[in-house]
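Both of the next two complexes hold chain A, though its partner changes from chain B to chain C.
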Partner chain A sequence: MAGHTGGLSARMSKGRAAGAALPEGSPNDDARTAFWLVAPALALYAVFTLLPIAATFWLSFNSSAGFNTSASFVGVGNYAKAAQDPIVWKSLVHTFAWLAYHVVMAGGLGLLLALAVSRLRITQVFFRTAFFLPHLVSLAVVGVIWANIYDPFFGLLNTALTQIGLGAFTQGWLSDPALVLFSVNVASSWQGFGLYMLLFIAGLQNIDHSLYDAAEVDGANAFQKLIYVTLPGLREVMTFVISLAMINGLKGFATVFVMTNGGPFYQSELITTYIYRLAFQSQDHGLAAVLCILLSLLAIVITIVFNRWRARLSQ
Partner chain B sequence: MSVRNREWPVVLALTPVLILILAPFVWLVISSFKTEAEIGRADPFTWPADLMWRNYLDAWQIGGFGELVGNSLINLVGVVLLSLITCAPAGYALAKIRFPGREWLFYAFILGLTVPVQAIVIPLYQVLFGLNLVNTLAGIVLVQVSNGIPFGIFLMRSFFIGVPDDLIEAAKIDGASHFQILTKVFLPISTPAVQALVIISALSTWNDFFLPLIVLISPEVQTLPLGLVRFASTYASDYRLVFSGTVISFLPIILLYILMQRRFTEGLTQGAIKG
Partner chain C sequence: MLKFLARGTALAAMIATSSLAHAETLKMWGPEQITEPLVAQLWNGIKADFERANPDVTVEFMPPTGTISNGAVQAAIQSDAGPDVILTNSGIGRISVVKNAKQVMPLTEQYEKRGWKDQIYPWLYTELKGQFGGEIYEVPDGLDALGIWYHKDIFAQAGWKIPATWAEFETLMKAIEETGLQPIAIGPRTPGSAGHLFGNLLQSASGKEVIGKALRREVAFDDPSIAAGAVRLQKLVEAGYIKKEMAGLDLDGASRLWFNKRAAMFVAGPWFTANARKAGYDLANAGYAPMPSDIKGAAIPTGGVGWSWLVPVNSKQPELAMKWIDFMLSDAVMKKRAQDPASTMIYPREIPGVEPPTPVLKDIFAAAAGGVGYNPSVYLPGTVLDTYFQVIQGLISGQIGGEDGMKQLQAKMAEAK
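Coming up: the complex of A and B.
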């Protein structure tokens, strides 16, 4: 121990002596400058992100009945409780379904519209701008808008269906337990697809145009060019959009909270909305913390899987 | 294949899609000018007999939208400025200075990029409570900046990595410090990255709902999305108020986007690809 400390101080004084002899920009000076450049960001990040991450871990092994009560250690008790809570399982299943809906609807629409819009020359800016408009609206405001669209009596959807003679398709879009998660996701995807479309358009612009010329020389038709040139050229953007859509989907909260608050009968409860309910309404912090860990793990796994996939593609 | 030949069929195919996607906006704007009776008659796209500007006046006054917009603006300016001040230097240090612990810092910031803010909300609230920041705009600014720091640092860092080291060497020979190199050499040539950071942090701050929901409890400090949700649930049965209030909430940002669409588009795609 003493030897170790001695070695460290010797190294430090040696560094100081060398620093005095060297011109500006020695490793020692650099380290000090780097520290001051990173310090403001690191301080904020440590207090409001790193510390809470660590504390969430700690909390998941403790039980606490509210913000003003002291916690007691319960080991894996909260994890056992979570495994037995049917709403935890429901919210997990709903979250996976929610991600799948979002990737297919928002990602799919983004891709289709990008393919179409990128063919335009004169009107491209107009269509791109117009299709992007929903993305500018806050998801909470989207929730208010779509709650009114789905309103069974005054809502746009049911009245429009009735007017065009499809009255048979009118529904209680948010009151039907089998439909509610999908209905809310339509609203989220309506808001989300615009960004994915922009990313796909950027990806399409990066495809080497000579590949199309070569395909044309070989006698490829439009469909073959799509399959053999365009889609392979988009592979990297596609993995990126899918991972972004999944992470965005995982953070989904506002539309559900505003439109259904997880109901009816927990049929639109997501992990995020259940965390909020447990933490701020029923004040079961231990159980909420377990769900927080679960949510983080999902996010980390998704990120790692897609980064690996992306790295393999770009080799 | 001439440009002419392939433009108009695509336009024709896209027009119905465009109408479907924009229908919610058109419907809301039209409905927001109707009387309660006209809304009840259930013909969604019929033009109102008289434009009820009163609806907007009522919603603005009853909903306290002036205050909400003001709070949202303070929140936005605070987050954008503080994000730039913290992320640009940190991004520079991580990109261009070799120092012990750099790798570790890098991984610590990756962690924040991945973990959703909902997953740390309980201790986050406790930290804010301990610092007396619950229910203050300062509190919401600090947590949103912290939430955006991982992305902001990566954006700036990956842009700065692309700047040749020769520029630093040359500036050092002229006796410049790292801080001077950052402010006088790097930032002036980093317009695309700065633009991306400003647009992305501004948009996400303006539209954030989850953090304000946790932090901002009293109506006087709330931001626009939070205030609208409170307003819409209080006056749920008064459709004309809800509609005009909703239009007030999205119209300014949409007009701003239409005016600056190229910058927005560049900033968002640059940000997404670099981040």
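Coming up: the complex of A and C.
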């Protein structure tokens, strides 16, 4: 190792002394040098990413009641158990719904606010900052805040509805099986939309203004300009925001954990919360490992499908 | 000058090294309300007493951020930077989770060796010995006694009292509901709170003996004799005596409803005095009574071991942890705690001559004097608990009926070891 690094530094100083670019070595030397340069990163990646992935795979074929316990090989037993577990299927459906809600609500709100704010001249900085602030709050804190907002008896939402004469619309936001996942997602999206808004604002600033002038000359109204100029101009940002929102959506955990812990009666259970429940509460690490793999596969499939769609869109 | 400095530094290093060699730190998890000034004052006093008795030891409190039920204790142990000794919510259900994961040490030998066996009620020792084939993994610190808390002033004003029978209790709830008050509050988002009321209903409907049999698997949970309690909850929800919206509340939310006198009753144990203090509620106005029952002898609080000491297998100071438990079980500490205004529980052995610090605690001790029933939250196997709590949420939110819920519980029970 010392010899290689010594060789590299000698060659670098030689090049520098000559005032020229790095001298070209043989392809073997370059490959060796490159290897040693990336080796530390590779080692870290192997220890902190590849090894845990391998351990998760190994664990998924074993029955383990927790750490420090000798695991016993059960083959695909945990996979069969997962397939027969109705909560796994429920949490899978909820995860998809959660993703969709997050993309539409957080992404959509980000876009709407970007459109609203980007035209402002004096107050733009204020609104950008104000709308971005929730993003700085931790999701766990957001969960606590929104759980109080949703409190059916003392919460801000039901109280406000009652005060303005809309008492008929008060709900058990976290107890109604049909509403709970949506309600929790609102809290999560509220925390996330600020980032998407900033990305959209950056995208809007990159649209060539002459396109708007041309549209105006052609007699386009505001709505037509939005449809034919703004939205196509935001296509790249939009695909980026959607992929980011999907990644954030898949990681959905903290708000659900704090606000409902997956309830009532599993109605807000996501794969991530079920993994936590299995691994840390029931200490069923084998089944939890199967769900980790399921979640990873889900992320891979979504990424592939999304990237293909994006490629087709840009053709 | 330089020589002097060098010698001074060397001497200081030697002193530091020698004191480091002897200094020991005991990391302790808990107690739950350590952030409350009154509780902190008591525990800092206990810590100071222990450190005085053991001059080379420093006790470091780790304020808990969860329990076995939500996985926090397991995560802390698994981190390998966790506590040496833990005080946490316990009972066989919770202990089985950490015991099955081999996260806590068996303490049976210590019971004999250190005399812990004689420092808890004999019936409690027998019960602990029967739980895991003779091996004991916990040292009880406090017992729970769960019953109905009510506002004395509201009840006196309306001429209400907690009746003796279930039929009369339903009439009382109807009367309360008609005044616009919530008859009874529950926060099932917090597992404990879900189990407190539900355990009371099960015992009220089936009696202590039958519940005991179900927990020992001599009767199935979906047997009509047990499912009756779940059907009772379903009917309370259908009648509007327990609002479906309560399925979205946690313990704090439900407590708030009671402390603000928007709910007439709440099911809790002696620990609720700590919540009341925190909320600024006048404890002199709190009344306590067991859940009414038509079955003779069933109108007693439910309960069981509420808090226990555990020693993680990766405790860095296991010997010191045992010493700490010795200290906590000593007469001096037990008396100090029982008489302190921060006292919130029934202790694991009789402490003669101790006057409970609040009137409501006196009522609870009197109600529990004849024994307590079973709170399934602390007796069910760990792998069944989650289903138990979710079924309660399902019943309150109107998603399932009592019989269906108990069928699901029984199915999980059949799977459990």
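Convention: the second predicted complex is superposed on the first by the 261 of 315 C-alpha atoms of A that agree within 3 Å, B and C clash if a C-alpha of one lies under 4 Å from a C-alpha of the other, contacts with A are read in each partner's own complex, and residues count from 1 in each chain.
To be clear about the criterion, a residue touches a chain if its C-beta (ideal position, glycine included) is under 8 Å from a C-beta of that chain, and two chains touch if they have at least 3 such contacts.
These numbers were taken from a predicted model, which means no experiment stands behind them.
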Check the residue A:V180 against both partner chains and state whether it touches chain B (first), chain C (second), both, or neither. second
Quick check on the superposed pair: does A:N261 touch chain B, chain C, both, or neither? Answer first, second, both or neither. second
A:L120 in the overlay: touching chain B, chain C, both, or neither? Say first, second, both or neither. first
Looking at A:F200, would you say it contacts chain B, chain C, both, or neither? Reply first, second, both or neither. neither
Identify the partner contact of A:C292: answer first if only chain B is touched, second if only chain C is, both if each is, neither if none is. first
Does the superposition put A:Y274 against chain B (first), chain C (second), both, or neither? neither
Under the stated touch criterion, which partner chain does A:I53 make contact with: chain B (first), chain C (second), both, or neither? first
Applying the document's definition of touch, where does A:Y101 land relative to chain B and chain C: first, second, both, or neither? neither
Once the shared chain is lined up, is A:F154 touching chain B (first), chain C (second), both, or neither of them? both
Which touches a greater number of chain A residues, chain B or chain C? B
Residues on chain A touched by both chain B and chain C 67, 147, 153-154, 276, 279-280
Complex contacts: residues of chain A adjacent to chain C: 65-69, 147, 150-154, 172-177, 180, 260-267, 276-277, 279-284
Any idea which chain B residues touch chain A in the complex? 3, 6-7, 10-11, 13-14, 17-18, 21-25, 27-28, 39-40, 42-44, 85-87, 89-90, 92-94, 97-100, 102, 105, 108-109, 111-127, 129, 142-143, 145-147, 149-150, 153, 172, 175, 177-179, 182, 203, 206-210, 213-214, 224-226, 228-229, 232, 239, 242-243, 246, 249-250, 253-254, 257-258, 261, 264-265, 268-269, 272-273
Show which residues of chain C lie in contact with chain A when the two form their complex. 69-71, 74-75, 78, 97-98, 100-103, 182, 188-189, 243-250, 253, 256-257, 260, 262, 313-314, 382-383, 386, 389-391, 393-394, 396-397, 399-400
Complex interface listing, chain A residues touching chain B: 24-25, 27, 30-31, 33-35, 37-38, 40-42, 44-45, 47-53, 55-56, 59, 67, 113, 116-117, 119-123, 125, 127-134, 136-141, 143-149, 153-154, 156, 159-160, 163, 190, 195, 198-199, 201-202, 240, 244, 247, 250-251, 253-254, 257-258, 271-272, 275-276, 279-280, 285, 288-289, 292-293, 295-296, 299-300, 303
